[in-house]
């Protein structure tokens, strides 16, 4: 059921490798006035899976958008810090160039092209690659292999598919670009448990077989920490804790607030007390 | 430090729900209104009344009307000038055909006529959305003007379809001096602007905005789409109609249907976009900006270059700068001048810290 | 507080819905009792959201009967459903982006606000009293959901989780008899889910509101619902108490997978 | 030195730029010529200032007010819309409003409109002169009009409706059939109208067009096989700009005018010599002598003459005159043949004389024909049906006076 | 009856000309969701540049006006100008407005209209010019002889050109990678960016395409009515066509054009006299409106998807 052993083995091997993606002390402001990231630094090693955890509004999505340079489209500005990918500064590149270099983001909230069919959605994913029709068809098959449900719905306009189907479509679309680093923003949101497992299996699959690295922002901490080798916890625009997945999983606070575990194991949602407020980490 | 809300606690919802909850705002607005009623008449020259302030006020009113429809209720319309024409011609006819009709009553009736026409042309909005609706409102624009030109009854059989505004008498006071016309316009605009602000902050306005932001959701939470949209069309057209009446009566005096052409509709749309969609303040800022900018550019060019430039050159460059500035403003702040103002306020609040 | 589960308040009989060739729902029947928390689960694309859309009139099923509070209705548009006391939240947040949190929640009370626009334009006397009275109710809900600090923030700026909460607040503001929640906890971490569960339970317990819930987090579903319907590709494959459903092999195969 | 100031509400961009630049350009060149050649009017330098209106009413009003604040003495917006917009203001502001070939025709009644001058000739005179031209010149005599069919193809706007009443009355008087066919603005598609005309088979078509409507009419006429020389255009459809776009289709087309074309007149030669030769011209030299350009020169001649007259009458030689004084002069213009000759403008504009009763002055119209490359004058000054036109003017002016509560002046008491 | 057909055919043919202008709108709308109000100004700009180049530049080079070489030369220079214009528009306007509400983009294009109008007249002057593109504007003789029906050769040629353009563009959109990317951009700017669609390049491509369409429309309309400011009014004729056919459909532009053209002419001839004529200012709009009430996205437009 779980692939602990495999995951931690890979982690050990890669810990020594040179950092692949480095985010260095970035500060982000929206709309000229709203300061959201207050100096976030993190690293993703080559071939690693790194989880970015944190409460709503902590700045996870913003961090990812900073890396993929999609911020500008939301009137956000990076006022400080730098982003390096494979040793080169990439913070001035266009998203297009980033995708060509292998960094792609799957945005939170799906963002499928509503009027295109599922298949067309997937095909646009390969926009940056110049490949033959055959290769394209093969890649398409690969995605359909991962998400059989998409194959059934491939002629439907994405706007008319269910939420989960759209999520699959968004992930599949990113896979079509054959990226080396995927920034996954809440991949499990709105997916049935089975599919969540599947998606993470796919993540792991890509990671081990094709050396694709992942940075995932995820609320489903339980699953995320199971597959990731390393994790950062973001709070209020700052990294408040970082560590290997095991370390985090064992941390008492993480256990209580992110995994919903207390001394005796999982607590029923029915019994949680309303007035219980979380203590905040001070950064 | 100047702009702080600190210490202004709201003890009741009543206080929190005032029209301008922040004290500084209240003082500023009161000062502006006072200045407009007392200060301006003392200082401004006739040029300012007749050529700048009065038309700018009237355009503000029309922009406010369009803002209700487009900014608040989200129904893009390119027919504002058409509704202004209805207001102007209806007011003229009420004055003409009913003996002893007081101007203000005629003006309100003119607005009501515009509202009715607005409802008719608003009916398609129940099915049609976005740019499709915008183009559909063009039908209103063209159709209304066509009717006014085609049926001479509306212009009292004047040979060329032109109407001449009657004299305005309010309770025995004849409004004929530029200052008086200005004051009358100002009074009407002030009252209607307050009403608009009130509408916007009560459930009427919230229903509009809900329909604008997401009509499916609005319907699901129980907002009747038909009523809300038509109401927005009616009220918006009413404002435009009154603006049209003022345009004819306190500004130009003599108007032809042509004066309310498509260009004017666009100009008003411009005002709300530049000023700020969905804000009352934006209507005023936008109207001021769009009326003043070309004049300013024209004067600036004269001052800078005198006659040394070929005249057509200056005119064309003005046009290009005007267009360029509009694009520039949209890029800098897509939400318009009103938003810039708001950001400015937020910065003031934080001052001297950047964030 | 003791919960009482009453009679059937909503009865769905043989509902079928299709879009062109896609059969979203096939011959589905189930009911909801007064005061219970009824969950709908099923794989993605099973037709759960469509089911909610049928209940509150966004979709009109081709076949079947819907009986709400003893009255059958064939076709009804969403705002009539709202008028009868059905409120909901949406899977993809459907807040009014240009408005503040407070205004968003106030729209939830629109149905109860009767002053016409002329009064409102004056904002005087009855109109003002009306606004203030409703504001009071809304503030109670704001307190209840602990979103006081974001009252005046435009919703577009809020993080996802809080937006979901505001949506719940908006639905509650209508004081519904039946509350439909479409994945209210998607995209939340455990702590936030716990809060949300608490809110839902409180609404259910304190106000006796009947709730239909769609959720993919099985922990949540199993813990808080009274009965669960399972859909798969538009068909009903299970219906019963959480424990029954959880151990139903067909449900495990179609939906839960091996984890649970 | 003393200066006589005037504001020019010109328009040089947009749909109407062709007319605006031509006319204001010619006008300015003429004033420049007076300054260069004569050192101004009796030593008073003419100065002017332009203000771009874009043919837009509100902009026009702003220009008007801007000029007024600077002491303007003469306002001629070259736009009927702007004319209407300032009509109410000029009397109070004491600035004469001069509309040559546009504006309100009924303003010719100087008793009701003391401050408005539709000088030279106005729309109603033109319509009537056209019928006279068709009758007398084209058909041989007015009686021949009986039973003929005339189509008025007009711009569907206030402007296009101007001639309706006159033509209706004339059709009753002379017994010709009148068909009215409107063209919606802007008129860049007229297939259906011309197919209709093809059905009607009229003897003449009067083209009351504007801008792009004119060349479109001509090319569509050609396409539908209507004889081009049976189309008579108004003076706003009779410039080079109206025919060149239609290419070959326009050869033979006839249009009205109230000024001569070409550069052979001494006044134009002087402009070339004193202005263009010194590189001070306002326009592309190729446009000198074109229809709009010469129309601008007519404006200039009238303005300068009014200043001169006012100086003389009010004993202000060598000093600037006021708007009121110019108004007086405009009411006492007298362009005799001799005077025109002195001005180098014999036959360039009609002989005219204004009075308190008559703010039009001449009312005559010339006709010109496009030969494929240039306009040629093909008629002498054609006189309209003065009685009928005057009757219409007075009716309409009286109605206006009543609506506005104006008591007409008594002209017998005017000096 | 001949008359009826004459009117009908004239209407259908002018409908094709409207479609030609509408096409420019469709292109940009389909590819970026922008309602490009400046399309009319672009038509003017293109035609004016074309004649301007012929008048000034090439004459100066000693190429005879009206010669084929001069025609080709002007065409190439104008095409280059349209490309430059597209690049400038992308660089200075669109880039700053990524992911903004459509109405903002729409307004920006109105600003652009002013800019282009000013620029065109600044460079080439506002003189009215004729334009001869070598297609005779005369009736097809055999139709005239055999059926006494007037059908213009010019209109036929223009209609054929429009049809060819439409066919090419439809294929492009449906079957190429770029075409697909264009549609993706129209749906969601940010998502398109996220998967590496280079918005900058895409936008330049579309605006160049729209510029070429504008040039073709400008040449044809210019040859009909002269090259003058009023060319930008052709946009007004195109709008009803656009709504009727659907903003996003290229074939829709043609069908819409045919319907609007024919009904407008027939209405003016058969209905006009009863109400005083001049109805083609509004009739097409009301027509289109009537269609919209039945199909709110126009005949072939993409359905608006709003789901909850």
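By letter and in written order, the chains are A, B, C, D and E; residue numbering begins at 1 in each of them.
In the analysis below, a residue touches a chain if its C-beta (ideal position, glycine included) is under 8 Å from a C-beta of that chain, and two chains touch if they have at least 3 such contacts.
Quantities reported herein were computed from a predicted structural model and do not represent experimental measurements.
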item	value
Path length in the contact graph (subunit C to subunit D, fewest steps)	2
Comparison of A-E and A-B by number of C-beta pairs in contact, larger one	A-E
Centre-to-centre distance between subunit D and subunit B (centres being mean Cα positions), rounded to whole Å	36
Between subunit B and subunit E, centroid-to-centroid distance (C-alpha), Å	32
Interchain centroid distance [CA atoms averaged], subunit C/subunit E, Å	48
Residues of subunit A engaged with two or more neighbouring chains	160
Multi-partner residues of subunit B (at least 2 other chains)	146, 149-150, 214, 216-217, 220, 312, 316, 318-319
Where subunit C touches two or more other chains at once, by residue number	49, 58, 90-92, 94
Subunit A - residues contacting subunit C, complex	1, 30, 34, 53-58, 108-109, 149, 153, 156, 160-165, 167-168, 186, 189-197, 219-222, 257-260, 266, 268-270, 272-274, 278
Residues on subunit E engaged by subunit A in the complex (per definition of touch)	98-99, 177, 180-181, 183-184, 186-201, 248, 302, 305, 307
In the complex, subunit B residues that touch subunit E	70, 76, 124, 127-132, 134-136, 138-139, 142-143, 145-146, 149-151, 214-217, 220, 262, 266, 269-270, 273-274, 277, 312-313, 316-320, 322-327, 330-331, 334
Subunit B-facing residues of subunit C, complex	56, 58, 77-79, 81-83, 87-88, 90, 94-99, 103, 106-111, 113, 115, 117, 120-123, 127-128, 131-132, 134-136, 139, 170-171, 174
Subunit D-touching residues of subunit B, taken from the complex the two chains share	45-47, 50-52, 55, 96, 146, 149-150, 156, 158-162, 164-167, 251-259, 263, 291, 294-295, 298-299, 302, 311-312, 314-316, 318-319
